[in-house]
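Read from first to last, the chains carry the letters A, B, C and D; within each, the first residue is number 1.
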Amino acid sequence: MSYSCTKTFFSRFCTDELKIEGNSYGSVFSSDILPSLGARINRSTKLGNYIISPFDPRYRAWEMLLVVLVVYSAWICPFEFAFLSYKQDALFIIDHIVNGFFALDIIMTFFLAYVDSRTYLLVHDHKKIAVRYLSTWFIFDVCSTAPLQSLSFLFTDHGGGIGFKALNMLRLWRLRRVSSLFARLEKDIRFNYFWTRCIKLVSVTLFAVHCAGCFYYMIADRYPNPRRTWIGADNPNFKQESVWKRYISSVYWSIVTLTTTGYGDLHAQNTTEMLFDIVYMLFNLGLTSYLIGNMTNLVVHGTSRTRNFRDTVRACTEFGARNQLPPRIQDQLLSHICLKFKTEGMKQQETLNELPRALRSNIAQHLFLPIVQKVQLFNGVSQNFLYQLVSEMEAEYFPPREDVVLQNEAPMDVYILVSGGADMLTHSGHHQVVVKVLPGDTFGEIGVLCDRPQPLTVRTTELSQILRLKRSTLLSIIQANPADGQIIMSNLFLVIFRFNKNIGLTTI
Amino acid sequence: MSYSCTKTFFSRFCTDELKIEGNSYGSVFSSDILPSLGARINRSTKLGNYIISPFDPRYRAWEMLLVVLVVYSAWICPFEFAFLSYKQDALFIIDHIVNGFFALDIIMTFFLAYVDSRTYLLVHDHKKIAVRYLSTWFIFDVCSTAPLQSLSFLFTDHGGGIGFKALNMLRLWRLRRVSSLFARLEKDIRFNYFWTRCIKLVSVTLFAVHCAGCFYYMIADRYPNPRRTWIGADNPNFKQESVWKRYISSVYWSIVTLTTTGYGDLHAQNTTEMLFDIVYMLFNLGLTSYLIGNMTNLVVHGTSRTRNFRDTVRACTEFGARNQLPPRIQDQLLSHICLKFKTEGMKQQETLNELPRALRSNIAQHLFLPIVQKVQLFNGVSQNFLYQLVSEMEAEYFPPREDVVLQNEAPMDVYILVSGGADMLTHSGHHQVVVKVLPGDTFGEIGVLCDRPQPLTVRTTELSQILRLKRSTLLSIIQANPADGQIIMSNLFLVIFRFNKNIGLTTI
Amino acid sequence: MSYSCTKTFFSRFCTDELKIEGNSYGSVFSSDILPSLGARINRSTKLGNYIISPFDPRYRAWEMLLVVLVVYSAWICPFEFAFLSYKQDALFIIDHIVNGFFALDIIMTFFLAYVDSRTYLLVHDHKKIAVRYLSTWFIFDVCSTAPLQSLSFLFTDHGGGIGFKALNMLRLWRLRRVSSLFARLEKDIRFNYFWTRCIKLVSVTLFAVHCAGCFYYMIADRYPNPRRTWIGADNPNFKQESVWKRYISSVYWSIVTLTTTGYGDLHAQNTTEMLFDIVYMLFNLGLTSYLIGNMTNLVVHGTSRTRNFRDTVRACTEFGARNQLPPRIQDQLLSHICLKFKTEGMKQQETLNELPRALRSNIAQHLFLPIVQKVQLFNGVSQNFLYQLVSEMEAEYFPPREDVVLQNEAPMDVYILVSGGADMLTHSGHHQVVVKVLPGDTFGEIGVLCDRPQPLTVRTTELSQILRLKRSTLLSIIQANPADGQIIMSNLFLVIFRFNKNIGLTTI
Amino acid sequence: MSYSCTKTFFSRFCTDELKIEGNSYGSVFSSDILPSLGARINRSTKLGNYIISPFDPRYRAWEMLLVVLVVYSAWICPFEFAFLSYKQDALFIIDHIVNGFFALDIIMTFFLAYVDSRTYLLVHDHKKIAVRYLSTWFIFDVCSTAPLQSLSFLFTDHGGGIGFKALNMLRLWRLRRVSSLFARLEKDIRFNYFWTRCIKLVSVTLFAVHCAGCFYYMIADRYPNPRRTWIGADNPNFKQESVWKRYISSVYWSIVTLTTTGYGDLHAQNTTEMLFDIVYMLFNLGLTSYLIGNMTNLVVHGTSRTRNFRDTVRACTEFGARNQLPPRIQDQLLSHICLKFKTEGMKQQETLNELPRALRSNIAQHLFLPIVQKVQLFNGVSQNFLYQLVSEMEAEYFPPREDVVLQNEAPMDVYILVSGGADMLTHSGHHQVVVKVLPGDTFGEIGVLCDRPQPLTVRTTELSQILRLKRSTLLSIIQANPADGQIIMSNLFLVIFRFNKNIGLTTI
């Protein structure tokens, strides 16, 4: 990974948490800190001296640096183990620098507050932190950091003994950091779930391939008879080949086995290799199943919306055909369902319903108050009254040419046209347009307030957005505000008067 | 693909969109054009001069033609790259014609309106279209269309250099068109989802196999020592073989690897081949998982209905057996569930419930008004009253020999028999048929309107369709229309009189 | 398959349909016969002369016989094609007998009523049946039955030409019968879904293996150079081997490829074989995905109940631990959830809720009337009153030591103990048993009918079944039946009197 | 398995059942004992003399011992069959001891009560137990236990005949015990479902691999020509190799085939081996599908929560962006959804809702009574009144800076702050903090009890837990307890008085 690339990658992760952490209290609840029902929240989330918060962006940056180092360690450890003899060269120095970083992290962990898994509170007591760390992961972290192989020089004259080399593998303990990184990324909606998951799976697969390849090579390398090894069966002088060639062969064998391709050009030749191969293939069976399971999960999730849409449209089409509905109704049906599916995809109404009352009212006021204030029927009513009305309104889309209100239907709702347009029709003989409804107009109010069947059909002429207010809600709000009710009734007479003048009728 | 076949295929896709586009406003909302809640819809969807709508059927036909050309390009590009040396022959001319079509499309894109992904509005401003195209895909489209290999003749004396050949691979950029075609097809209910999806997956698989085969052959073709190549290990003079034979060998190897069969008769012989093989196998792991995931998704979706049916029937059977219900009730139970599953499969009631009131009323009037008008009980009532009644009715199927109303039960609904037949029974000692219910008759109305327990049991004699009207709905509609209520009450006395005469009783 | 085995298999399928067909009207709706909403059902399901019903058990038996013959045909056709030269021996005669059965079936189909897929009605008009059959499958059925190979003797001197042999493969058209059989079996709850599905998949797999093996052998058999064939590479004189050995080799190769094991001991040697292998492997990719998809579907379905149970119990345990509930309440919680899961597994309440009112009342009367009649509180009330009460009751299980009613709680329900036992407790200081509740006793009725808080806590002592009646329901039924209400109130005084005497109190 | 390991494993399983069995009645319902609705429970669960309960911990321990022996038998049986000639050595003695244990179990089964699968009752009648056992599994158990091979010595001079050896395979019948153990473990929430399931699958896979390896070796061992066997093709003197080497080779071949790797270094050489291989590969196809299906199931289950969270957050973010909500509302939205997801993860409200009334009241009293008792508004009311209030309260979490009540909103609920903090704000011009709400304070009560719009906005300042009581519930409880109502109203005046003094207003 080049420097610039690393940097972008890096800065991205530093701002890793959900935006809500930007609030001053965000860090209190965006993690798992939540008291039990009926208990008192521990409010002292202010941290003591020399204590690092796990949500501090600088600590996050440090964590990301360590993850990069872990990836390096994960690759180099098995490789060194299998292919390299121990020498005090450049690689040796890099190794020690990397270890230094991890040693620093061990020290920092003694100053890092943690979230108690039972009480969900942030613990920032030095003693508790130390006890917890010492009793859990401290010993593993030390073992995975200490330069054990170098220490071995003190006791033996060469550090390349297989046992001491194996100690290096303890560094793989560091991989738990990558695991927790992925767990966090999966919950972050700024990253695509599909790709986060895929990268995780590819990483696991590549690591498995790399490790198995290295280990398999080591078995061949140590076997006394090179002709009876998987790599030496073809070419007994394989140890003279370049590291690159040997490494590629190992990885090639490893992946041929993992994907169960199994060409058979390279295969186990002695019992040790067979044993390792048995274990590796069993592991592969699990890994492959896990990959397929994950992919299935992603596919099922990804296609569910399209399938639902298809099922709904099919049900509608069949319903229309079976009952021989006239084409106009079938068209209305289909276009309504298509529109509904689209707005449901946005989950607007659903999202609103899940919110608490006050928040919902807040949103409704922000969205609908400017429109409702201009409505003629509510001209002059008090602000309180409007607030209460607006909180109860529901927005709906109607596709073009759909009936919103039917003539002679019992009045159930008052409608306000927000955008689009509609016609009022009479149904004497054939449909005849009486008056056009413009954005900002109400309809259905005559039926509701005079308690009589709807006088006219209302049909949209284009894609319209309409606010709906239930009859019972309107009446109960008017009852609670009698003064506003009188203003509305006098507005209503003006509306009816103008309406009658428009349609040239005098009796309604 | 022969000409006639292509033509059918073609004309099919030209009428690609949902039928609702046939409306004059259809194109406005059948795509993703939808304003935000509370905002004003941009009404000027009338397009300017020299602007092509993306929903124009002629443009769709042009798009389909391009898709066919893309499929050709996708096949020929890797093939030319690997197997053919560059010559100015027939293939050369065809290539340039195909490129001509795509060049034309680049020009057309400057006149093509697009849907803004944020505002969901159709943008048809020449400048905006140009800016958007130039800043996004223009450069890719030009690169994938320009005859770069031909241009190379101007600079070098032969056009077959590997670098210049690789430039041809840029044509694969065109594949994004196929991808968007499949996305559209999946949402079109006129095509079976299962098969659309399968064809997509097969296409992807075949393309992967073809590309890998061609590329693998090219590696062998360029390798200095033919004996150390996958194809030359058996037959070092492979270059003398016919193109057909070499192509089949490549594809054979490719698919043996992709399906993880891995016979091993053809396998990587040198490090370059191993490297490519590693990458290809990793890709295959992903592709295979993706195929299995998709198939699982389709299977789960396809069998869900049968499984639900089985679960329901099993629960019923167990319920009956555990509680030792008499066989007659068990039969009723099972037949009711079977019938319900069938009508639920049609999702009739569910479809109706999801619709807005006016549309639902419209459908109910179309379906039930002719029947309800002939009902004796509603003889002489006003049309408005009937409209309101019909909107509230629900249709239900009853299997034969099922009880609809029980004697002495509290009255909750009025029923109208639409089709089939039923018996009214008394339950004194054993069941005795009192009177037959014929299509168009009502029952349960005496209980509801006189507010007394049901006088008789009603049991269907054959598969019956029954309209149900809730007691509370009926009473509230009658309350709102007192004149019609009086007509109904006088009709009711006629009904009771005739009923009593029929069953030979005088006191009810 | 031996004779006796075949017979059992046979008789089983003859009674293939759901039991509800046993009703005289069963066959009308157990198939897909269902009219559209609002339309009239075609009642003339009585069949004409010389017309066979598709639901006739004798026709079902005939169908099963044909299925057995189809299985034989499916196996013998590819085998004959690949391994046998045409001779007029025993096999020839068996073939002609089998063809005779299918010829008979073609004739019978002209007399077989069918269900119209659009109107869902049984069509039994001779002309319509003939037109439909002639215009759809007649030509295929004839081609798959006619002894085309025998006819070929008339034109050529030997019937073994590859073209004429291929005509025999038309017999595989008969397999559609097996497909429709499995579709029917999957909906039949008498057969385990898992195993039905598995057998279907195994059959498809075996057939694919058999066909591919036979076809692959044929390619080798016809190839001019036996040394360049998959089977002859090892043993060029393979044609001298026994049919059995050659068949096993073919099937072995076929299954090694299908399962993607791909040992490589037998593999394609020439271009024809490679081409076939490519097609077969692509097919296998689809088949394997389909198998895995099906298995996943079955596993998900099979384990869903256990997983739900675990999730619920875990949620409960965590809820208790987090809120530090006292152990007694935690025990009650857990035991209630366990019990609920068990009764939900039986889906008793759910099944009841999905039924229409009359059927539900019927079941409730059958189950609960004998118990409610003996209850002291309802002593002397009218039968009608009891009917109405019983229809509204709900049965619930309570685990031992769970509180059913709490002292001082607002009265919401009346309870009748059906089985088990309970204690009435006062909560002054510590719990003290006041009186024991025996099966047939009511409790909570004092609170409900006197409209006061519950005087005592009721706690079960063992697993108890309790009927619950909502307060509002009881009061509204009493309101509708004032006479019975008075009887109940006088019973109530007796109950209170005895109750007070029992607990030694006089003021309640 | 070493001794200490076995012991831990052992003691763990002995306490195998759910904790609820600790109750004295636990064993009655924790198994499947449940009477049918409306029937009488059989209460005599007291067991007779010399009858062992299947729920007795000592019997459970005995069962676990047998499971360990079964695992040993399952491994040794195929191994002996294939690799060992029959000798009277240590293995022979161990075999007989193991058989002795199983013989003892056969005898014990005659004294073991069982749960009748139809009536769900525990049967402890000696005769019924004997009849059931003799008519079902007795004969299998005896055959799998009797030392048939030893008996064979009585009739033949050597016990190694293949037929007699095959009789030993009857011991595999014992595996049904392991199957029932896993079925029980899957339902036990103390064990992780994922790992229980994985161990089960790994066990099945290993057993299949072991059996197939042994059987395949036996085929080679018996084949007359060692050169034409899978193992002898390379090394015809394979019988001289150590058992260990031959066993590893067999298992290696077996797993290479099972995982469909199929290197091809070892493959079938003769028809018998091909036949076995065909059967084994078909079995593997099923087993692999089953493994993948299970893994998919586990993955889907494991990731469902993360996916739901992501979907919800995405819907919210899109809703905010599309409607251009101000950042403050967007923050509230997002933080509310995050919090809700977390509390929903605990399923607290859901768990409560599924419980019966009395249990729910019990929990609510335990959790909320201490808090509600200290509330000023309820100062001096009766305990009964408080009980009724508390049962109806709902706890909710509110993230910091979220509005709980809006100024001028219609009053719907009374709130009690349990923990956290909130501000009361006026909205004249910009927000101004009027008074702070502390834990134990109520708000919203003025609006509800005086029936007027909320005078002030209430906004949380930190993560707060709030109890909510619906207006209608409060009013109906007050109506039922007029005395307490008066106390509350007088408390209310004190509250208003102090409230007015705090905010410096006198008119409210």
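Just so we're on the same page, a contact is a pair of C-beta atoms (placed from the backbone, for glycine too) under 8 Å apart; a residue touches a chain by one contact, two chains touch by 3 or more.
Everything numeric here is computed off the predicted structure, so don't read it as measured data.
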Between A-D and B-D, the pair with more C-beta contacts: A-D
C-alpha-based rotation, chain B on chain C, 0 to 180 degrees, nearest 5: 90
Geometric centre distance via CA averages, chain D-chain A, whole Å: 26
Centre distance in Å when chain B and chain D are each reduced to the mean of their C-alpha atoms: 37
Numbers and ranges of chain A residues touching at least 2 other chains: 37-39, 260-264, 288, 292, 294, 296-297, 300, 322-323, 348, 367
Residue ranges of chain B in contact with chain A within the complex: 18-20, 23, 25-26, 28-30, 32-35, 37-41, 43, 186-187, 189, 193, 257, 260-264, 267-268, 271, 274-275, 277-278, 281-282, 284-286, 288-290, 292-294, 296-297, 300-301, 346-348, 350-351, 354-359, 361-363, 366-367, 383-384, 387-388, 391, 477, 480
Chain A - residues contacting chain B, complex: 198, 202, 205-206, 244-245, 248-249, 251-252, 255-256, 258-265, 288, 291-292, 294-300, 303, 306-307, 309-310, 313-319, 322-323, 325-326, 329, 331-340, 342-343, 348, 367-368, 371, 395-406, 408-410, 412-413, 418-420, 439, 451, 453, 462-463, 465
Contact footprint of chain D on chain B as seen in their complex: 36-39, 260-264, 292, 296, 322-324
